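Going by the order they are written in, the chains are A, B and C; count residues from 1 in each one.
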Amino acid sequence: MFEKLLENLKLNPPLVHNITNYVTVNDCANIVLASGGSPLMADDINEVEDIVSISNALYINVGTLNIRTVEAMVKAGKKANELGLPVVLDPVGVGASKLRNESVETLIDEIDFSVIKGNMSEIKALYTNAKNTGGVDVQEDDLIDDQNIEEAIEFVKKVAKKFNCVIAVTGAIDIVTDSQKVCLIRNGHAIMSKITGTGCMTGSVMATYCGSNKDDIFGAAVIAITMMGLSGEKAYEKIVARSEGTSSFRTYLIDAVSLMDFQILKEGAKIEIR
Amino acid sequence: MFEKLLENLKLNPPLVHNITNYVTVNDCANIVLASGGSPLMADDINEVEDIVSISNALYINVGTLNIRTVEAMVKAGKKANELGLPVVLDPVGVGASKLRNESVETLIDEIDFSVIKGNMSEIKALYTNAKNTGGVDVQEDDLIDDQNIEEAIEFVKKVAKKFNCVIAVTGAIDIVTDSQKVCLIRNGHAIMSKITGTGCMTGSVMATYCGSNKDDIFGAAVIAITMMGLSGEKAYEKIVARSEGTSSFRTYLIDAVSLMDFQILKEGAKIEIR
Amino acid sequence: MFEKLLENLKLNPPLVHNITNYVTVNDCANIVLASGGSPLMADDINEVEDIVSISNALYINVGTLNIRTVEAMVKAGKKANELGLPVVLDPVGVGASKLRNESVETLIDEIDFSVIKGNMSEIKALYTNAKNTGGVDVQEDDLIDDQNIEEAIEFVKKVAKKFNCVIAVTGAIDIVTDSQKVCLIRNGHAIMSKITGTGCMTGSVMATYCGSNKDDIFGAAVIAITMMGLSGEKAYEKIVARSEGTSSFRTYLIDAVSLMDFQILKEGAKIEIR
């Protein structure tokens, strides 16, 4: 499945419109480029429709939201829906504040998303209005492991049915489902949570793959998570070998995405499709 | 003193709310993670109280301020005071514009700070309404060295008394005082001023240590400055050995913070407590 | 010509006020420092005049514009004109949206620019109101090579005459002209378009050199482009030697600027003055 996804991206490199937070926006732009796409980062309400119109996919990330950008997100999302472009949502930290909950609710009401991606605490907050006291991090109760994986899968399938889109839950074991098909991904490394932006970047890579693979959104979500996880493993090996720390890890993570190809992916992917 | 501070952070890793500038915000988030905390970066006035409520410390940095964020800073600061959370202020570039002076005055009037951290030009501008024509850099007249250190200490003690909090002045020799105790730190390297964000990151590390060490704010300020200075020394050694430049220095600086432990700190710290 | 430009910067390191986008603002600040200047990044309309007043040059970049910042840009630009400071414009993505076109038109109407820098699609959009569907990237039709270079030069000279300033067009062959003198620069590497911010950083370096070389704006534009291109070549060599990717490339690019001197520049520059 990866071969076709990669080939489509190479043949039709997408323009990816990102409306995202100012913390990791530079990482998001660079990871789109590293993945083979071209990033557009406009967020003013007066130009988002024009920018969506020349794009192939839209990525919405609520990391540092404010009222001004939420309106721009809605406008951009509606335009993307109208034009049939894939739209990916990252509801960062939903559950941690009233503004965040209300904004994400508005986004989901107004826009048809292709993929919603988050950690388990965020996805739970989305589905059940649970409080998310971990901020942008997953809460301990929500960690996915081999003990609770079956239960987790059933839950995520329900979420996908409710929101009628692909749901991608990142964690030690990642879960991607469109409510029917399920894919588990066991790539990645714990150190990925020791830098800011791995989640945001995963969303940007997803939007990039969606942009060139409109007919396989599920596959696009899977390849993005696998690629990021595998790149995390390679980056971790490198800092261990060189006795380096978390900032070098960030550099090598993006490096690995830029150097990724079918062969590396095939050899390193730890995925299980059900 | 460092052992206890490090242990508290490890036992109770803090959530650190940063309201900061869009230039170095990514570095701030990454350095909080490298220090062992977890960063939250929300700055919309409608959610800062919710975010403060799940945090253990608040860091306010006026690097790129605008009217919208100043109001959010005040709201966040008051909430933090109400909840008894430590609040660290970095009055970046105060003295360089009327807006900056007025905003910082408002912040100091409305919020009880635990630590105010800046270079000598900023601290002077704060205390005496001096003009700060160096922008965000320290002015030549304000450099601290062995010749003027005694005079500088007396001045900083007065500032600490006036603002009733710990004052941390960074420079070739750093001075930390709560108006009684004084600590001088002689770690660091001149190249630290050749990248943006060392000051901001120092503030974020301070807030991180304050978050886990509410009962030793003075110590938290000292360990943060020492750790950053020592990390600067280690990063400088590395770029010299590898013939690299300022951007590699930035990477290795954050790396060194992420690799820091009691042993390294004990061996490398050049501190003098009076 | 480079020797004098470098010497002036060393003798009078400039304070460079950047009003730029939130995607690459950190890179811009770091490249100003790597070049030997000191960055100021304020963009609130209530302080830009104060900040311009202590600066030596102003850089305006419309990468992520919004109405608030356009007003601040105009105010800052007028103040810079009043004080006789060089002002550099980077009309990022002009042609891609109505807001972008109108904003850039306003800026050009209200401010006297010393240099306007962009890729060929942007410069064409500026001159002919052409649509720029490539977003922030150059469109294929607008690539400059040895076949169309003469035609391109004549066009850029016309643009320089129309806007009465130095025009710097970046591409595989860069063109700098004040409508009379022309300089072609053949430094650089294609990988430079695989990271975000090379264009923005080039603008910041230009403003830095302009700040210390008010009497040789043409030369300042040429040295900035040459230095960035040559640094790109050196960074590329390094990642090839170390089997690294695009993020390491970004690090080494800034490194190379920070390590640049007259000797390196003299040996590596591929410039042709006509």
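As a convention for this text, a contact is a pair of C-beta atoms (placed from the backbone, for glycine too) under 8 Å apart; a residue touches a chain by one contact, two chains touch by 3 or more.
According to UniProt, the chain labels map to these proteins: A, B, C = Hydroxyethylthiazole kinase.
Just so it is clear, the model here is predicted, and its values are computed rather than measured.
Colleague: Identify the chains adjacent to both subunit A (Hydroxyethylthiazole kinase) and subunit C (Hydroxyethylthiazole kinase) in the sense defined at the top.
Modeller: B
Colleague: Specify, for the interface formed by the sequence copies subunit B (Hydroxyethylthiazole kinase) and subunit C (Hydroxyethylthiazole kinase), whether it is same or different in terms of residue numbers shared by both sides, with half as the dividing line.
Modeller: Comparing the two copies, subunit B (Hydroxyethylthiazole kinase) and subunit C (Hydroxyethylthiazole kinase) contact each other through largely different residue numbers, since under half are shared.
Colleague: Only C-alpha atoms count here: how many degrees separate subunit A (Hydroxyethylthiazole kinase) from subunit B (Hydroxyethylthiazole kinase) in terms of the superposing rotation, rounded to the nearest 5?
Modeller: 120
Colleague: Rounded to the nearest whole Å, what is the centre-to-centre distance of subunit B (Hydroxyethylthiazole kinase) and subunit C (Hydroxyethylthiazole kinase), using the mean of the C-alpha atoms as each centre?
Modeller: Roughly 33 Å, centre to centre.
Colleague: Going through subunit C (Hydroxyethylthiazole kinase) residue by residue, note those that touch at least 2 other chains and give them in order.
Modeller: Residues 22, 26, 250-251 of subunit C (Hydroxyethylthiazole kinase) each touch two or more of the other chains.
Colleague: Can you tell me which positions in subunit B (Hydroxyethylthiazole kinase) touch subunit A (Hydroxyethylthiazole kinase) when the two form their complex?
Modeller: Contacts found on subunit B (Hydroxyethylthiazole kinase): 15, 22, 25-26, 29-30, 33-34, 38-44, 46-47, 50-51, 54-55, 68, 250-259.
Colleague: Going by the contact rule at the top, pick out the subunit B (Hydroxyethylthiazole kinase) residues touching subunit C (Hydroxyethylthiazole kinase) in the complex.
Modeller: Answer in residue numbers: 21-24, 26-27, 63-67, 93, 96-100, 133-137, 193-197, 243-248, 250-251.
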